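Below, each structure is written out as structure tokens.
First chain A sits with chain B, and in the next complex the same chain sits with chain C.
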Partner chain A sequence: MPALIVLMMLIAYPVTYTGILSVTNQQEEFVGLQNFRDVLRPRVTTQALWNTLWWVFGSIFFQVIFGVAAAILLNQKFRGRAVVRSIALIPWVVPGIVAATTWAWMFHTEFGIINYMLTGAGVLEEPIGWLITGNTVLPAMIAINVWKLFPFVAIMVLAGLQSIPQELFEAAKVDGASYWEEVRHIMLPQIRPVVTAVTLLLVIWALNAITIIYAITSGGPANKTLITPIQIFRLAFESSAFNQSAALAVMFFGIVMLIVFIYIKSLATESSEKS
Partner chain B sequence: MYKVHRSSFRPVSSSLKLTGKLGLSVLMSLASITFVHAGEVVWWAPNWGEKRAEELAKKFMVANPGIKIKMEVTVSNGLPARVLTALRSGNAPDLMEVQHGWVNEYAQGDFVLPLDDTIQEKADYNKGVLQVITWKEKLWAIPYRIETHGVIYNKDHFREAGLDPEKPPKTWDELQAAAKALTKAGRSGFGITGGGEMGNTIFRSLPFVWMNGGDLLNADMTKAVINSPASVKAIEFYTNFYKQGYAPKSTLENDGLALRRLFVAGALSAYQSGQFDVPAILKENPKLNVGTMMIPAPAGKQTAAIIGGWSYVIPKAAKNPTEAKKFLQFLNTAENQAFYTDTFPARASASKFPRFNDPILKPFAEMLPHGRTAPIHPDWVKMTQFYFDGIQRILLGDQTVQKSMDQANADIQALLK
Partner chain C sequence: MTRKLKRTGLSAPLVYIGAFLLVAVCLFPFLWMGLSSIKQLNELYTIPPRWFPEMPTLANYQKVLFESRIPRYFLNSIVISVGSTGLALILAIFAANGFARFRFKGQAFWQTFILVGQLLPTAAIIVPLFITLKVLGLINTYWGLILVYMIITLPLSVWMLTSYFKAIPIELEEAAVIDGCSRVGILFRITLPLSLPGLVAVLVYAFITTWNEFIFALCFATDSTVKTLPIGLAEFSTEFNTDWGSVMAASMVMTIPIALLFLVFQKLFIGGLTAGATKG
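So, the complex of A and B:
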């Protein structure tokens, strides 16, 4: 019971308080939906929402593809497999802020190693401003996020692969299946539940991920990498517009709940179809 | 230093309302540890002036045996929050040092005492700063330290480019021509900021707008005017340094600190900054031949800069305000201001002291009368964010200067309602 009270205070209080903030003004008077209107009006809000969608789907698409591919490769028997498996985990283990700062320097136009290597090898004539060119900055952020989290997907999928009964592979061998047929008809169907569960986690993480982008660009240049969570943070702690920030947070919470709901629902129908 | 600058743009009131509420009880219990005796003045002094502050306190106590000065050293990180929490909780010291830009909010919140009866020789003080700390025709602080940006340049680069380092540019045209001449051999002629904390870019670009007769808001703050011809021309001037290739390629990633690094590395020949950058540069690269100049203005017009710095306030909750006022008068004699400030003193007579005679400081001193302050508006941070986004759109090549500022103007106007 005391634990429940503490839990209530830690969860219910902030949620309720955000709700109250979103419908009041600085003088703590009730203002209805005014904050919602105020925060939706600037075009930056729409821009941030689009950026968020790109960021989430871009990240997850590549995280899952690279993660599954890495898992299948690491499931092979080869010398030094344990070492490679451990090395593959490094990006996931590195603290987000450390990774972000390191990547920021690697991508830097003048001092960055990426431009240095590409120009040195003759791939590029002129250094590219990765973080300061409109159409490379968000992909660069996504690439960092993919690098950071695909090992997590890999490890989860690897566990899934190892739980596949050996008889399935033996039966396939008897039927004369090639390696790629094994991948397509045994491995991928068998790890599907793992992948769906992991994807849900990735969606939630990507929607809340603020570290990488905030540490590198803070949403800039010209809001090209501004995602909604960063906008919420900015409104509250840079513009001191707590009430509008709360209104945006409430709406974002709604959208996230909707996505999660749809996802779980489709997951449930899927598994009931199977049985 | 950059943190310090940026925070002068930030109204802290509402953010503190939250943390204030939560932290109030904790703070009260903490503050009660400080026992206050009659005749004791508790002084919150920042750590960078600690030694000098101790010396001043000792001197004062010798001359005034009945009053004890108790120093509590503060750090700049998180100071606005700490000050506001102390003011709100009612458990405040007797004397505090705060940035000029914070004072108005304290006055409006009725947290500090008016000091019209304490200031001496008011006419001797920098007028721009007095304006910032005035509210309802009363003075709510006494300023002691003021500073603005100037331009720091590499004299050897000037010589190599065939320019006379002793005759730096005075007008926009001359600055542009110099930047062009200096840009060679992998060097950038004139650095502007377009990234990092937005305060960096506001501090560097808004003065150009002011010089040219433009502004972000009109005088009575009812209309956004950043897309006026005068404003647009100034922003074009600023962003052209990058567009024409005279500023580093990394401009959109650069804040003031990045510019200083490029300058120290010899990759940049000139950039705007405060005088505090000069010792920092010489410490990292003592061989650099550093020169300083005023920020060039359009031909026939006056230069401008944003003025920053520090003031003393006496909280309303001070236990011994009479003694604090007496000590304040002691601190603000021309001599003691000149001794205590890190940059320039707020009093004209104090700036005549020999320590400000260094020729490298002269252009910064000459900038001071041209120092201006940002308007006091509750949505100022949001407005500058729209303005900063607009500058980044120009630098990215997304929009023309006029189009980008039209959009920024509309965004800012929407906040004025």
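So, the complex of A and C:
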């Protein structure tokens, strides 16, 4: 199994190494939990954690809603459906950095098309500095992330919808169910397993998504978009505080694993209750 | 799927409005990207912004293609993406074959291990990887990035291929054994040809992922001889005075190959992806 050995080396080794880094100092002496204390003390760490929570939940909430809505729409038969489906996936395949730059340009305060359209339509009185105002910058980032990933949810849910046994719809039809009743009582319950699986992936992706935020704001302004992965990254590569960065990474990794574990566990009990 | 009863559905206008909205939302940024990329400087910076350029120009493209390092980065991107995709595919074939056809000790552990590999937060492995690569002298080399990208793409590739290989009836292979075919012979004469769609799906997945990757490239390729396209694009836009026309032109250059690749192979790609997910 050469593949496994390579994987082992390339995954297990870094993980172990991070662990070692997190409890030593730059002279490679053992310092116990010193790094953890150092990295937890500044207020910015807590702020980053809150930002991360907002980022993850905000992104996933809208990704799932729009994704499921798009999937239900694409499950309808209409002319040009194949084309629409292909187009809908394009945001997902383009590079994150392209999405970041293009949206940054669209969100531009003076020359951006978004401010122009919103002011033109009378939604806004005057242009908003989307990316430089503390209150709008994280929602703007979430919007970009939602745009980028809801197509993925849509395509997965669509596959789920298409595997629903036709008999269910026929039975509903016989019972005189309307379309919306079909959506509510057949489609939504049937796609739940897909949605739960996809949500887990989305959580992990959101926790890994450095590109969009880093490329547009690098965490600014005033740390309003600083999420923990970016903090880890900047500690290591901008402050050269490798050990503190490793300590933060260890904690972050622990929390991520905990979330994943709880999620999978609750899924397992849920499915065993059903059967 | 044959439908005996006519399905109830949304009314046609509603469907078309929905479809239109969906397409508009998905394509609008690209439209704006394209329009911006052919505008002259003074048309880019007007208040209020103008939709269509009065005097379309290719100057931005000229700047990107002939006066910047973008072509070099393009080449780097291709070398690295092709290299790591190829390597990942070869390793994934053997690993997936092992998972699908052999029973061995700790199989469940290894499969979980691979999934956990997929879950690893990028931020958590980037520092140790950086130090490892430095010790190996692989920072700023093609090999460094190729190896790193292989780590990212390998887990899901193995996962997807395993489900494809498992779907092949074992009787086919038994027949081949009776005919005197070796293990490796079976792999190349039966398993691989039969799972061609899966192979293509993995190939496209790995290529797109590596082509788009940003953070690892940012850390591990600091020299312009190995920098990839995403880094080049970021360089354009993080300079003090962002030249948005050129940035948009560079974005177009970067998007078009990947969009074409995706559109050509999308049936197989989506098939592979959803098969892996629904069969688990």
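Here, the second predicted complex is superposed on the first by the 269 of 275 C-alpha atoms of A that agree within 3 Å, B and C clash if a C-alpha of one lies under 4 Å from a C-alpha of the other, contacts with A are read in each partner's own complex, and residues count from 1 in each chain.
What we mean here is this: a contact is a pair of C-beta atoms (placed from the backbone, for glycine too) under 8 Å apart; a residue touches a chain by one contact, two chains touch by 3 or more.
Quick caveat: nothing in here was measured; it's all calculated off a predicted structure.
Judged by the touch definition given at the top, the superposed model places A:110 against both chain B and chain C.
When both complexes are overlaid on chain A, the residue A:123 reaches neither chain B nor chain C. For chain A, the partner that touches more of its residues is C, with chain B and chain C as the two candidates. Shared-chain residue A:237: touches chain B and chain C both.
Of the two partner chains placed by superposition, only chain B is touched by A:44; chain C is not. In the superposition on chain A, the residues of chain A contacting both chain B and chain C are 108, 110, 236-237, 242.
The residues of chain B lying in touch with chain A in their complex are 10-15, 17-18, 194-195, 248-253, 262, 267, 379, 381-382, 385-386, 389-390, 392-393, 395-398, 411, 414. Across the complex, chain A meets chain B through its residues 26, 41-44, 108-110, 127, 129, 131-134, 220-224, 234, 236-242.
Chain C contributes residues 1, 3-5, 7-10, 12, 15-16, 18-19, 22-23, 25-27, 29-30, 32-33, 36, 44-49, 91-92, 94-95, 98, 110, 113-114, 116-132, 147, 150-151, 154-155, 158, 208, 211-212, 214-215, 219, 229-230, 233-234, 236-238, 244, 247-248, 251, 254-255, 258-259, 262-263, 266, 270, 273-274, 277-278, 280 to its touches with chain A in the complex. For chain A in complex with chain C, the touching residues are 1-4, 6-8, 10-11, 13-15, 17-18, 21, 70, 73-74, 76-78, 80-81, 84, 86-91, 93-99, 101-106, 108, 110-113, 116, 120, 147, 151, 155-156, 159-160, 162-163, 166, 169-170, 173, 177-179, 182, 194, 197-198, 204, 207-208, 210-211, 214-215, 228-230, 232-233, 236-237, 242, 245-246, 249-250, 252-253, 256-257, 260.
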